[in-house]
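The same chain A turns up in both complexes below, where it pairs with chain B and then with chain C.
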Partner chain A sequence: MIWRIVIVLFLLFMLGPILLVVLFSFGSNALIGFPMGSLTFAWYRELLGDSGFFDAFQTSIVVALATAILSTITGTLAAMGLMRLTPRPARTVLAALSLPVLLPPLVVAIAIVVLFVRGLGVGLGLPVVILGHVLVAQPFVILIVMARLARFDTASLDAARDLGATRWQAFRLVMLPQIASALVGAALVSAAISLDDFIIASFTIGGGNTVSTFVWGKMRTTLDPSINAIATVLLVMTIGLSALALRLARYRE
Partner chain B sequence: MKRGAVALLSPAGAVFAAVFAIPAVMLFVVSFWSVRSFKLSPDVSLAAWQRFFTEYWDLTLYTLLIGISTGVLCTVLGFIFAYAARFRAGRHGDLLMLATLVTLFGGYLVKIYAWKSILGADGLLNQALMLTGLTDAPLAFLIYSRSAVIIALVHFLLPFAILPIYASLRNVSDISLEAARDLGASTTQLLTRVILPQIQAGLFSAFAFSFLLAAGDYVTPMLLGGTSGSMLGQFVLLEFSTRFNWPAGSAMSFGLLLACFVVLGAAGYLMRMALRPRPA
Partner chain C sequence: MPALPSPLLRLEGLSKSFGPTVAVAPLDLAVEAGDFCAILGPSGCGKSTLLRMIAGFTEPSSGRVLIDGQDVTALGPEQRPTNMVFQGYGLFPHLTVAQNVAFGLALRKRPPAETAGRVAEALKLVRLEGFDDRSIDKLSGGQQQRVALARALIMRPKILLLDEPLAALDLKLRQQMQEELRRIHADIGGTFIFVTHDQGEAFALANRVVVMNAGRVEQLGTPQEVYRTPASLFVANFVGEASILKGERRNGMVTLAAGPEIASAGPDGPVSAMIRPERLQPAAQGLAATVVDQQFLGEAVRVTALTSSGERIHVRLPDGPDAARLVPGSKVAFAFAPDAVRILEESAR
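Showing the complex of A and B:
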């Protein structure tokens, strides 16, 4: 009984604030507060007509897609590489590659800006945002793919090679189909990480907006009620992606 | 064999080098540069570090304090929740973990915005307090304070603490628990001598994650901290943007990281001491 109360309190604390935002995105009152006014879709309609939001949305999709594809490639290859190492060096390399996730994104973002602007003299922009997102997404891909590869029977690869398959054919025709769902899961998690990031994007984008930096602009100026609607859209996307990823990768941790 | 591994690791390594390792080294070098009338010049100067140690040491301590409070709260709460999901929720354990993932992906800015709406002067909490007659005027101290920052950070980072603790709790076998119980262990003994020592690694990752990310945050204090809840990250940003003092910002970044690693070392040591095997 006491545990039931504890769990309910936890869920209230964790999900309550998020649910409030969703709830109020359908309320006619401008600010979060009761009474919330009548049911309305006005904020969503306003978003549809807002070209600034539309551009930001498009940019976010492009960045998330590119991040998903690139980090899945780099992360999967790295996971395969790590499986070939002995446990000790593998752990060290994995720890190093995971470091960017542990450090404050502010520091990571500033370091990128310092190098690209001062060191290389190249400008900022979407390619830099994407690289930054790949950097923080690839450790998650590595973890997911390594968990899958640990259960993969390498004997089937040896069998394929014995039967005359090239290395590429063995990978493409034997290994890939078996680990495909984990890869898709990893890609979806990467996309969700990319969509959710604000700090790296805000430093490295140069001009323009992702959805996160667009929301930031609104948060800073006024308490704009359309934030609730944008937040709900974003929430549905990231949670949808990660729920799908969870199903596909059957990866709980 | 080895060679193949290096080739496979190289794309990820290239990204790591290009947008993390090389930039980090460069950032460190910049912390020794000097800046005069908004112009940056390569130099060997300790001015930025001096500035960090003289002007920002108290803010660094406050920042660490907020980080430690958040880390401890997240680890304790994360353990309680993960324990419930693993041992007390039965079939609903997976559902609790799904709720954790929803919170994790709930949107970084969205969560801060939500807390601003809850804790603000005309926010939900004040409305509720006034409606129930507990107060007759809005409580101004709910928002723009250190506690507001800590509440929002705990909300944001709790999933980061729950996940590693839950992962290590799943590896605690029911057999070891039954054995301990059969041998007459009390619930407290079961917790402190059987469960906690087995999940030390998970507890430490939980603390490390939530502490590091809290101590390095600047958006939460910016929107919820007011003046009393400021954190170093905000001033790193300030030095980089408005003041255009990159060396100071760099020195502060590395100074904060250094201080964080000291805290982590101490936390790891304390945890090992607290959970070391003892004679009955």
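Showing the complex of A and C:
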């Protein structure tokens, strides 16, 4: 009995703030707190009318999409290369490629700024944000695709070649359809990682906003309940993407 | 120069090394059209590597592959008139049975009506009529094997290559598939080359056997030749059971350490004599030995005995009163016909 109470309290402590954010996003009271007033979609409507938010939202979508596409391509190529190596060098290379995940995002952000902006003279901006997100998302793609390739029967590629397929046809007609759901899953995970990020984006974006830097800016000036609405939108999107990715990568094969 | 009748497949000085490992030492081999040829050897002796060089998956380190007189060494697998049944089958799990079988024809953009006809024909050949729309993972091992066979045969290859085709099947299914393979070979009149480490399978299927050891061809012949007159001690031991007795040749007469003398022409020096177990019979006199073990095999009895020189001999005889007397510890003599002995020079290892 006492354990149940502990568990309930623990869950409330963890999920409580999130539930409150979702709840307040539908409350009419401008002050964040109880009583929250009547049910309203006013904060969402306000978001729609806010051109600052709209731009940030668009930017986030573009960055997430680009991150998803690029990291899925580079991660898949890396995974296919790693599968060809013998286990020992493969482990070393994988560890090196995974470093951006293990390092604090702050360090990754600083490293990118130092190398690209100070070192190579590339201006801050979306391409640099995307690059940073690819660095962090790519290891997840590699792991997801490698797990799929481990169960892939390479004899089926040989068989396709034997039946007259070129290397490219064998990849497109035999390998791609079999690993497609894992690739889509990996792309969705990458998009979720990109949407989630604040630190790398804030360091490298220069001008403009992603949704997360937009919220950060807003929080510093006002405590506007429309932030709750933004948080709820982000929550639904990242959970939705991750859930979809899990389903695709694990069950649909 | 008069044109020699050329074999369907000719390998000239073909070899393959992986770094320091010599998987296949330079070898020459000819396979005639219509042959059912077995490449037989222990695991790791280079059989798969040889087969993959014929198919075009592995680039040889030296030598040439000629099919129908045409040099195909530089061609990839998609350009060779060969098709292969892979060890793990390598089926396409995302396609149905019919789509798997049609894969090669679809790549060649054959008209749909022709493809449909040939798929039906191929499925009939391997007795999988009505399985068209099944998915691959709903098939048993034997059925998957048949799909792999149909998928290769539909291409009408000049040579069908099979890598350990029956190794993954259990005994009953394996015997059934052996019969099927012989029937299919006869039905289409094709040329089959298959790889196996199982001597029984090689003999059951093939009319030509290539015995390989450590990357080299030890012997090429019919199953009877390979069994009765092995070219080396390796072949004698690997193909079936054999008693190997040491001896010495002087002036055309071999004297075995175990006693008997056998006439055999050749240079003086140490030799080995090989006798198959069914060619030894208990008799009043001959090769004297002490029985150490007796096994009941059902249709026969297998007896192991030690000669006076301490060499182990194997005897196989029908179950009956003769066999019953050969209990462990009994002293007996075994007789053998002169043509039952094969003398192998020491140089033949």
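Here, the second predicted complex is superposed on the first by the 236 of 253 C-alpha atoms of A that agree within 3 Å, B and C clash if a C-alpha of one lies under 4 Å from a C-alpha of the other, contacts with A are read in each partner's own complex, and residues count from 1 in each chain.
The working rule: a contact is a pair of C-beta atoms (placed from the backbone, for glycine too) under 8 Å apart; a residue touches a chain by one contact, two chains touch by 3 or more.
Worth saying up front: this structure is predicted, and the values here are computed from it rather than measured.
Partners chain B and chain C fit side by side in the overlay (superposition on chain A).
Residue contacts after overlaying the shared chain place A:L163 against chain C, while chain B stays out of touching range.
Once chain A of one complex is fitted onto chain A of the other, the partner contacts of A:A231 are limited to chain B, with no touch recorded for chain C.
Seen from the CA centre of chain A, chain B and chain C lie at an angle of 100° in the overlaid model, rounded to the nearest 10.
With both structures placed on the common chain, the touch criterion links A:A111 to chain B but leaves chain C unconnected. Of the two partners, chain B and chain C, it is B that touches more residues of chain A. Once chain A of one complex is fitted onto chain A of the other, the partner contacts of A:P177 are limited to chain C, with no touch recorded for chain B. Within the superposed three-chain model, A:L48 lies out of touch with both chain B and chain C [touch as defined at top].
Legend: residue contacts after superposition of the two complexes on their common chain; A:A155 is shown touching chain C, with no touch to chain B. Legend: residue contacts after superposition of the two complexes on their common chain; A:G119 is shown touching chain B, with no touch to chain C.
This overlay, made by fitting chain A, leaves chain B and chain C with a least C-alpha separation of 11 Å. Put simply, chain A uses no single residue to touch chain B in one complex and chain C in the other.
Chain C makes touch with chain A in their complex at residues 55, 57, 76-78, 82-84, 86-94, 103-104, 107-108, 148, 151-152, 155.
Across the complex, chain A meets chain B through its residues 3, 6-7, 10-11, 13-15, 17-18, 20-21, 24, 31-34, 73-75, 77-78, 80-82, 84-85, 93, 96-97, 99-100, 102-108, 110-116, 118-119, 128, 131-132, 134-135, 138, 142, 192, 196-199, 212, 215-216, 219, 223, 227, 231, 234-235, 238-239, 241-243, 246, 252-253.
Residues of chain B touching chain A in their complex: 1-2, 4-9, 11-13, 15-16, 18-20, 22-24, 26-27, 30, 40, 77, 80-81, 84, 88-89, 94, 96-118, 122-124, 127, 155, 158-159, 163-164, 166-167, 170, 208-209, 212-213, 215-219, 223, 233, 236-237, 240, 246, 249-250, 253, 256-257. Interface residues of chain A, counted against chain C in their complex, comprise 153, 155-166, 169, 173-174, 177-178.
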